[in-house]
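Inspection log for the structure reproduced underneath, given as structure tokens.
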Amino acid sequence: EFVARVSGIPTMAKLPYRDSADGLDAAFVGVPIDTGTSNRPGARFGPRQIRVESALLRAYNSGTRAAPYESLVVADIGDVNVNVYDLKDTCRRIREAYRKILAAGCIPLTMGGDHTIAYPILQAVAEKHGPVGLIHVDAHADTSDVVLGEKIGHGTPFRRCVEEGLLNCERVVQIGLRGTGYSPDSYEWSRAQGFRVVQVEECWFKSLAPLMSEVRAQMGLGPVYLSFDIDALDPGFAPGTGTPEIAGLTPTQGVEIIRGCRHLNLVGCDLVEVSPPYDTTGNTALTGANLLFEMLCVLPKVKYY
Amino acid sequence: EFVARVSGIPTMAKLPYRDSADGLDAAFVGVPIDTGTSNRPGARFGPRQIRVESALLRAYNSGTRAAPYESLVVADIGDVNVNVYDLKDTCRRIREAYRKILAAGCIPLTMGGDHTIAYPILQAVAEKHGPVGLIHVDAHADTSDVVLGEKIGHGTPFRRCVEEGLLNCERVVQIGLRGTGYSPDSYEWSRAQGFRVVQVEECWFKSLAPLMSEVRAQMGLGPVYLSFDIDALDPGFAPGTGTPEIAGLTPTQGVEIIRGCRHLNLVGCDLVEVSPPYDTTGNTALTGANLLFEMLCVLPKVKYY
Amino acid sequence: EFVARVSGIPTMAKLPYRDSADGLDAAFVGVPIDTGTSNRPGARFGPRQIRVESALLRAYNSGTRAAPYESLVVADIGDVNVNVYDLKDTCRRIREAYRKILAAGCIPLTMGGDHTIAYPILQAVAEKHGPVGLIHVDAHADTSDVVLGEKIGHGTPFRRCVEEGLLNCERVVQIGLRGTGYSPDSYEWSRAQGFRVVQVEECWFKSLAPLMSEVRAQMGLGPVYLSFDIDALDPGFAPGTGTPEIAGLTPTQGVEIIRGCRHLNLVGCDLVEVSPPYDTTGNTALTGANLLFEMLCVLPKVKYY
Amino acid sequence: EFVARVSGIPTMAKLPYRDSADGLDAAFVGVPIDTGTSNRPGARFGPRQIRVESALLRAYNSGTRAAPYESLVVADIGDVNVNVYDLKDTCRRIREAYRKILAAGCIPLTMGGDHTIAYPILQAVAEKHGPVGLIHVDAHADTSDVVLGEKIGHGTPFRRCVEEGLLNCERVVQIGLRGTGYSPDSYEWSRAQGFRVVQVEECWFKSLAPLMSEVRAQMGLGPVYLSFDIDALDPGFAPGTGTPEIAGLTPTQGVEIIRGCRHLNLVGCDLVEVSPPYDTTGNTALTGANLLFEMLCVLPKVKYY
Amino acid sequence: EFVARVSGIPTMAKLPYRDSADGLDAAFVGVPIDTGTSNRPGARFGPRQIRVESALLRAYNSGTRAAPYESLVVADIGDVNVNVYDLKDTCRRIREAYRKILAAGCIPLTMGGDHTIAYPILQAVAEKHGPVGLIHVDAHADTSDVVLGEKIGHGTPFRRCVEEGLLNCERVVQIGLRGTGYSPDSYEWSRAQGFRVVQVEECWFKSLAPLMSEVRAQMGLGPVYLSFDIDALDPGFAPGTGTPEIAGLTPTQGVEIIRGCRHLNLVGCDLVEVSPPYDTTGNTALTGANLLFEMLCVLPKVKYY
Amino acid sequence: EFVARVSGIPTMAKLPYRDSADGLDAAFVGVPIDTGTSNRPGARFGPRQIRVESALLRAYNSGTRAAPYESLVVADIGDVNVNVYDLKDTCRRIREAYRKILAAGCIPLTMGGDHTIAYPILQAVAEKHGPVGLIHVDAHADTSDVVLGEKIGHGTPFRRCVEEGLLNCERVVQIGLRGTGYSPDSYEWSRAQGFRVVQVEECWFKSLAPLMSEVRAQMGLGPVYLSFDIDALDPGFAPGTGTPEIAGLTPTQGVEIIRGCRHLNLVGCDLVEVSPPYDTTGNTALTGANLLFEMLCVLPKVKYY
């Protein structure tokens, strides 16, 4: 019996809703905050809108022949219950929620929410897996020490992660960086930690498949976390975000990056910074939903035809 | 423990989701169709968007002191699984779904969907309750015999209902009728059946509380169905609908009409014709969500403080 | 054979297109300019968008039982070919076009365009009918001598008309005036000419039917021109205009004003200042289309049931 | 020499920009925060958008013949430098900024920002004037003790003010309250403090001029603060806000309330909760700008013609 | 004498309106339906909006020096009178309308409408020309047997065409296919028929001119039909459509595909699936209008400078 | 002390406002007109919206390591006081304003406004520097003799410039030209003057860095003016403009063109045709702001790290 696309309460990809990660191989989970945002807010509604737009997602990946649901048990486990008035308490809540998800042996696919959330998620991830490799796709390095007087926010998560030893610094790559900055060399600190920095200029006009084969070599066999800030994409394609920067990646390149993560030991993924009030075309949430599905398709053990 | 408004998979009013009406006193149910529409489509997304906007609804009615959840068990039971390619088959599916809801002793509060759905719903309602009284709030009479060559559509449901004896014609009132029409007296047929017709001109600039006390007298003690087409409201307040007509009711009058239904023997209610792609302000779905909550508050047995 | 609302090239009210006014009793005609605008432009697209939204208009007026097409021959005669680079040349073109329309014995129902156009239209009207009465519905008096250094523009048409003797000043009423102004008494000049000035405060919370019966007395039997600036309406209902002022008339009051013109000797009507790029809800053009239909319904000789 | 409306860097009402309140009788000041918001954010952009839409404001009030600039020195003094990451620090910054404004003998006309800001503003106001009367126009009472676990936020400011003795409780009125609530009597606490509570139902369909003459009697000669939450207005007119509630006040009633404050000893006013990302028609910011101008017009010592 | 772009009733490319195809070499014709749509509707308004946006089209192709109007007689012949309540009857009406157009020796350039319409159009085309070659540009193969229980809809037209022998299967190419699917190999059936399938991955980052020279070889001298679903383009460029899929073709590639059809024996073209309610930037209809003009420019016998 | 991005009255890039160019090395200046527009207006609001979106601009160019504020004194000097009712008078006002800016030894970075303004700006520029080289980035050549009967408008500025000898014709390049035209060879006149014409087809799918090194050779050491019409970009990225043409440049290519101007003797730059009412995503103004910052970064004497 068929079910119309339009029908039903919107879970991610029309998957069943579950209230815990127990028994799941992978789970979509929302973290609806924007209190880490420095400019335009709205990312708190990211998970809701990604779920709404995900109604178009079908079961197979026509481009890669991945059949994720044939080998993995996947569900939507709802949202972390955030505290909109206390970002540090929210971080604590996220960390605890992810500890449980990871303890269940489930790989979290996170729908953000602003990029602050990568910090507590990586705390939980590193607690389980030790320091991890990181594939960070973003217009911004998010490695400031302090933003507008604060240590915790969407401009600082990866600084905090390095300080706490959560990352395997030589196994970190940042892709798509660009825009204006607060100092002459915006990416100096990243390079000093041993990160590979791929500024957007290196990406223009070309396939990123070759880059990704280098990235796979860099990542090796160890655990890898994929953090994808939707503002990595050009705002022509993804206007619904808080700190857009022009001349970014194309959705095609975004797909290539994720498909290029196949065969890695991915232990978690996020797609952050979708801000629906600014997503006047709806394309940002739609793109977020599709990129999350592509992430699911490259998790370890997914069946391919 | 608090839960942020923004958090969670959007059910109506953040109520629990249930997959059947068993054990419920009242249920919100969606009927996501627009294939009965003659002009602008989009009402198929009405239930989804009403649920999204309903996140602001709290448990008590500040205006009337109704406390619906203290005396009734209520849930969101999802959507009727409609057939977007066959309106007659969809009508059959609706009728059957409502038979089950009614058989469970549950009062359905329907989120449309275009107005066609009132016809199969009333078939199920009359099957259980016999011919019912009808409070029909709309810019249009929806009593055409045939529209664009078709018997079944959003311009004809109440004609069909009369033909099948589903309505107690002297206990029918139509409120808010207006606009341009296909014949010199657009409401002749309604009056000929014994309906009370309240054209919008009778409603301008004044409270509808006096009208509603007449309506309560007209309805008496028998079963009553309330069918509220959002286009009854002025499109300044409710732009997101398919056949908007200017100079309509205000939301205040809409609230008065519903509150005026308290103490009636309501056996079912619907709120139809919310078309999200045209709801550029979001106010139409928000209004729909609030009017549905007001309907819940006037169901029989609701506790008032 | 039926025709779907959505079908066909958009003429006003789906009327036939004619390339001249010959043989017509009344004609809808567009004047697509906004070069007389002082603030937000866009009214050049008013005629096009009013035509698009007019697809919903049916043949009869349900509220008044007017049947305009049973007694009048009506068509859409397209647009005056304006000069977007020379407002004075545009005025000349308008004047000449209206001379021809009037010479054919046809009553023009104008779709603006900014309010500047009332000046050349009234030149043609007065040339045929002598000085006329004027029912001017607007947030603004439009009686400045000079705006931003210019004599011709949307803030000055009625000053120019008075100077040229086109108006019967004691048969002029201005309804809905409000907002901020350039001098302590914004309507002093109007009153000094003998105009009746009805500030919006006199209109709040009440039916304008009593006012209109006074207006009919003021107008008497002589020729009357009706000029309706959509910004007379509250911008909650009509956001798509260039100089919106809050706390305006409701669409209901707009309809009452026009219906109150029945039995007058109307010799022309316009509906101006609809600016589609700012009409994010579409309600402004829809309202314009409906008000133009109401104007048609009160022309002399229209049949009523 | 004229200046086009469109021209120039957008200050409020095209007034000169000043970097302090020294020498001013009244000042427009922005407080660009939304971190006190529980549902939809965006009010941080309220001051910016109100300034943009204020370009239409001219020097005189056509409705009341007020000529504010003939008797008062007024400027735009920019924004309080808020801390987007720490709401309590933001409150401290606001309090200090308003101490300086008030010390200069200047009356602040505040452009919010979410309603949290009323609390630190009233701290500064009461420090100078002692406990004040309060005219609070809002859909919500904003008197919760704790919202989502927090004491400081846009749902709690007036609770905090009462606790700190900043208000003269018998000289407090709350107008426009409505919507759903968390308890059977949402306004019990307000009434218990001696506030006058005017629920929206008392306002429907009528002029608020009579109410305001009662309010003036209630307020007497003492200092009065006017706090106007734009969500008091119906979301049909003001969609751009974070917690909209249907069936609200009309802009006309909003204007009447403010005009009804003439002859009071107003010591400060605010207009809060304009959220531009949700203001799809632009009408919310436009309305905010006009209401702020109306507030200026009723300050003590304004000249009237 | 010049005519302003803004002026006049919107026909396609400001061409004359004709009520039949007699005497025309090519005709633009609208088919305003969306009842074949499975997800988001709105394509019924495609023809109207394409006409509106086409006002910018001038007479010559600056890129290719085509001068279509110097060698062909072209007009806008309005819309097929569809039945919005019966898709099969609509198909019959389309087939009959196209028989007449083709019988007049006129090449139809169709403005859709959803993709269902390609089926009855191809019935009429094959009736005249025999089985034809097909250049099908789309995100989707549209070769399902049944969608949501139905044989006729926008997901099935080319399956039906093959079943009825309307296509020369080895002269069919499908370009731009991508997205998620219902089975591991979404394009298996297409390949089994002998179609050439060009998945979008083969198109990324490069000119499609080389592909098109292979396509020209494949098509040879026989009759060819070009069917262009706007969702072939990336939704960053064409958000206004019902089933958007990310990582699609660019408008530049769309233009290359059409220009690459020059010198083929084109017997008909369509541009389908433009859904204006979702076209928030207006760019989808604008792109549709331009692609239709490019199609006109590659018809047989068009003059080039 | 930090300042939140959201805070403060919007000057370009949050620079200080100055009321003259005295003492400045470079100045951002607005020219808010659209009366030279032939199709969709709105560019009069371009400067205002570019300033609003520029709030995200930080001090350094991450891509090129330019540090413009370390070597140049830069401010926002507000808008030229245009005459919205007289385009020729506006041109005079622009010319005079730019004479003063140039006399102060300041390089103007202009925020348009429609492209007409390039003509009076170049009059002032050539008066100071003699005939200049021109890098003209646009979808259109803007070299018509007369448009809709007028010599002055946004379709003619470079024709006028050539006639008055303001350009060094062999040092003129036009990049991005495309779309439909009024004659078979739209760029014949340009080539006849000695301009280099780079149609968009030459730009598709590739980096423009090689082109720009040819352009630098063409320009040599003499003074060069850069005029960038935002409609050069594809309307997928820049929908907010008056005469959009599909298949245009990408923002990446726009950035490359500007960065390719480094080491030239730039004497002025403009970014024109941003029309905010059509910029539904906000991306057009954001792109304009960023491109203006890139222009600043390539002015002579800017420090690079």
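Labels for the chains are A, B, C, D, E and F, by order of writing; each one numbers its residues from 1.
Following the convention adopted for this analysis, contacts are C-beta pairs under 8 Å (C-beta built on N, C-alpha and C of every residue); 3 or more make two chains touch, one makes a residue touch a chain.
Quick caveat, the model's predicted, so the values are computed rather than measured.
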- Message: If you apply the touch rule, which chains end up adjacent to both chain A and chain F?
- Response: D, E
- Hey, which chain ends up farthest from chain E, C-alpha centres compared? D
- Return the chain whose centre of C-alpha atoms lies at maximal distance from the corresponding centre of chain B. F
- Message: Counting C-beta pairs in contact, which chain pair has more, A-B or C-F?
- Response: A-B
- Message: Rotating chain D so that its CA atoms sit on those of chain F: what angle is that, to a multiple of 5 degrees?
- Response: 180
- Message: Roughly how far is chain B from chain F, centre to centre by C-alpha average, rounded to an integer in Å?
- Response: 55
- Note on the structure: Whole-angstrom distance, CA centroid of chain A to CA centroid of chain D, is 40
- Multi-chain contacts in chain D: which residues touch at least two other chains? 4, 6, 38, 44-45, 83-84, 148-149, 205, 234, 236, 278, 280-281
- Query: Connecting every touching chain pair, does the picture come out as line, ring, star, complete or other?
  - Reply: other
- Those chain pairs meeting the touch criterion are A-B, A-D, A-E, A-F, B-C, B-D, B-E, C-D, C-E, C-F, D-F, E-F
- Note on the structure: Residue positions on chain D within touch of chain B in the complex are 38-39, 148-149, 177-187, 199-201, 204-205, 234-236, 239, 243-247, 278, 280-281
- Item | Residues of chain C that touch chain F when the two form their complex | 34-35, 37-38, 40-42, 44-45, 83-87, 89, 147-150, 152-153, 277-278
- Which of the residues in chain D come into contact with chain C in the complex? 2, 4-6, 55-63, 65, 67, 205-207, 234, 236-237, 250-252, 254-255, 280-283, 286-287, 290-291, 293, 305
- Item | Complex contact set, residues of chain B against chain A | 1, 3-4, 6-11, 17, 30, 32, 44-45, 48, 51-52, 76, 78-84
